[in-house]
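Shared chain: chain A. Partners: chain B in the first complex, chain C in the second.
Entry: the complex of A and B
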């Protein structure tokens, strides 16, 4: 055994794909938790989901008597208790955007890519780490919000149990939806490389597009709305479809996932070509 | 005065300088704030994007109502209100103006320029007042141009059987003016919010939360006692009162405008209190 082979064998073992993936995941994990904003944002996400359930459920509870028969028939207790997600998606989306853009802002990205020149791998691992953390936090919060909301629906109000058809899927769907939101944010952050632009793009697509479409004449709005990313993805945490034209829960979720995959694909292609 | 161009010794040259009066300081601060405002590229891109967006959306919405008029039911036709329809973009344009106001100060914090500003003018309230004054004037000008242009372009698309309005109609003029006032107050709210949070990312996320998520979340809740005393006072709903003709449960335009102004004043007070006690 000469000096040459002695050096190469351990080197290959040390720098193999699995070892590198593990090292990248660890460095992404460290980066996520070593800035103050990430834990704060995740806490805010959990708080907003649970407080949203409290506010909206008590709103319906106190005003139940004033609702018309058709409004009562359209009342979805599961969806109502989960609607804090609409506010939480702001936090989670911003977390995804900032996970990339703040590295560009501080210049840390150069160190990251010098340490791991496999750019695709860095982005994919970053997405996996963020997605896993967000999935855990938001799934747990969804269950908490659901339990809290259903406790508030008493008396004549309908309430849901996890065993009812579609309910468990909707509560789990809350966590899945927010996981896709963080990935969408990561992709748009990597595309724009700028915090304000990335945030504006993400929130523009998720929040402004439906408002714009709602300004159009009714029939036209009904036809476009179900296919918007946020509206399609949200079907997975509805038990009753909001409109007859809405996509099915998994259909809508798949369409939203497709939007995320397409933007992630664009990023992965671009990220190999662009200078840092 | 460069040394060497004159025989006068420096102390004498300093003595010749006019004394600093509050008026001259105010004028100097206004001048420097105006330079910073007008040289901020993101301010103009935001304003331009807001203008293009508003005009484009008004055009799109009015054109699609014009072309689909015959497919609308009798009820939808009866409920059609040309002023409200062509001004619907205001629900979203408020975001551009809020961001515009926030950027005026958060970019200064972002680049660290704010330190230079406060070294030059340690009177921090004066700096903030100058920023607010200039932003208020510039914002109102931009808002008025944006809203009127979008309104006129939108109305120009409506013709024939479709009801349409002109600025000669006092209700239309009032709605356009109310919309412009709403956007100006939103820009000021954004400015003081920017002072509070000092970060573009937080300010933009907060604006989206307050102006697009909160109303969607709570507007359709049952209209009980609590609802009537809280939801109409959301900034977006107060703005709605200022430009929309059909406000049902919401606040009347005059009190809505003054409540929104009160929000601006309270945020300004909070910003000022923090500005005086915080470093940098």
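Entry: the complex of A and C
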């Protein structure tokens, strides 16, 4: 009767964390590229960063003559060419949120976790795959935006070169910042397991929270603002600090990384115990 | 083999599943039967390690699911046919699952062929009918050529062709020696598909026995008699050892005396009969009675 004997796993891959990780990464890679949204969002990210450089830099160029002396002194040519990141971060963050919540929304997460019961591994690998892809796209875009912006800063306008102090760090910082943003989004998505909630949390932290802090009286706002995740993390792609109270580039980046690590840690602890 | 021991799942104070003990054996189709909300899906999710039991345990081939490294080679499941990303093609959906267990890509083509979706493999699954989605879900379960298969309500919403196809597939999978557990809230469907039944109601195991046993055990044969002098006939039947119930309309329901004996008795005693009819209660009735009463019937557990 039992023509089909109990299946056993092929011996060569019965063991090995490495083989297991590779399989999980391959699965996440296939999932990422097989829906339209992810490639579309990554393209939009690249476009926004580069077009942002074009628009802002040409805007400063045509308006340079009318700027006051203090405005000219505060002009940061590197930051100006990279400011497309401020819009791109919303795309990248949403990509992270949706990478998790779309699986919960459709119920696909059950198939995913039935294939890979190592839940924390699934989430960590998903984050790493997303992080790697976003790092490549946004680092390349940052260099493109920087080069384009500096070409537009001609004549009396100051312009930056990669060899100038802090400039290479800031351009690389654009890619690093957006990489942390996608990880932050992934963590918020896994925490909320709901697209509207996850997006609300992401935009709340990145957009609404700074506005609310700004409403606080007097110097309180100035004192709190630099420690918000978005503010702190953004210092890594600034050459000139936006305010005297701003954290240093790596200090700020480390603080943002800490926020991401703490939320990811909370998610991983929860995910192990929650029903799917 | 799947084995549950004292498997319990509570949500707050309400127990969705309580104290389930059962084994699902290879080589036969085991029907997991119960009304909607009886705890079938919860149990299946616990088997797959998706929901964690409040107490007790369930194992697959003797191991907890969470500890399995390449589970798709051992167990495949169809939980919810609509649980796919609508924007992904059937091929890529299966490819991502296969990749997660190091299953070669060639298997994707094989299972697509097996369920008859080869022609639409590159189409986005958002446009699939429910029947096509069910086939895709089954393809996913078959990817690793596993020895154990789990199907949660696989015939829901299917047309007769689809139902027949799934029924045939499940029977052939079991005939190959695999363990097949299929849930349904329809007794009539299970009667055609399952060899063995696990019946649950309100989270408790009501029956764990073969289809024939369930019929024999629970479906008692009755005879319906309508006689002019039903009071006298009832008394005579009782002296013969029959169990007689008088319905309000005067019909006698007799258990324990067969229709031939009743006919002979009536002739001998000069009764005028208007009706004499054998009533065999259907499996459906047996099932209703089981789930209604929530009485625990249990076949002796084989050693």
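Please note the rule applied: the second predicted complex is superposed on the first by the 261 of 276 C-alpha atoms of A that agree within 3 Å, B and C clash if a C-alpha of one lies under 4 Å from a C-alpha of the other, contacts with A are read in each partner's own complex, and residues count from 1 in each chain.
One rule holds for everything that comes next: a residue touches a chain if its C-beta (ideal position, glycine included) is under 8 Å from a C-beta of that chain, and two chains touch if they have at least 3 such contacts.
Since the model is a prediction, treat every value here as computed from it, not as a measurement.
J.: Between chain B and chain C, pick out the one touching the greater number of residues of chain A.
T.: If we count touched residues of chain A for both partners, the winner is C.
J.: Regarding the shared-chain residue A:235, is it in contact with chain B (first), chain C (second), both, or neither?
T.: neither
J.: Please work out whether A:275 is in contact with chain B alone, chain C alone, both, or neither, and reply first, second, both or neither.
T.: The second partner, chain C, only.
J.: Could you look at A:263 and tell me whether it touches chain B, chain C, both or neither (first, second, both, neither)?
T.: In the superposition, A:263 touches no partner, neither chain B nor chain C.
J.: Once chain A of both complexes is superposed, is A:87 in touch with chain B (first), chain C (second), both, or neither?
T.: Only chain B; A:87 stays clear of chain C.
J.: Taking the superposition on A as described, I'd like to know which of chain B and chain C A:219 touches: first, second, both or neither.
T.: first
J.: Have a look at where A:207 lands relative to chain B and chain C in the superposition and call it first, second, both or neither.
T.: first
J.: Is A:57 in contact with chain B, with chain C, with both, or with neither (first, second, both, neither)?
T.: After superposition on chain A, A:57 lies in contact with neither partner.
J.: List the residues of chain A that touch chain B in one complex and chain C in the other.
T.: none
J.: Given the complex with chain C, which residues does chain A contribute to the contact?
T.: 1-10, 13-15, 19-20, 23-24, 26-31, 34-37, 102-103, 106-108, 110-118, 273, 275-276
J.: If you look only at chain C, which of its residues touch chain A in the complex?
T.: Spelled out, the residues of chain C in touch with chain A are 26-27, 45, 48-52, 61, 65-74, 77, 79-80, 82-89, 92-93, 95-97, 99-102, 140, 144-147, 175-178.
J.: Would you mind writing out the residues of chain B in touch with chain A in their complex?
T.: Residues 42, 57, 60-61, 64-65, 68, 71-72, 76, 85, 88-89, 91-92, 95, 99, 103, 200-201, 204-205, 208-209, 212-214, 216-218, 221-227 of chain B touch chain A in their complex.
J.: For chain A, which residues are in contact with chain B within the complex?
T.: Residue positions touching the partner: 52, 55-56, 59-60, 62-64, 66-67, 71, 83, 86-87, 90-91, 94, 97-98, 195-196, 199-200, 203, 207-208, 211-212, 215-220.
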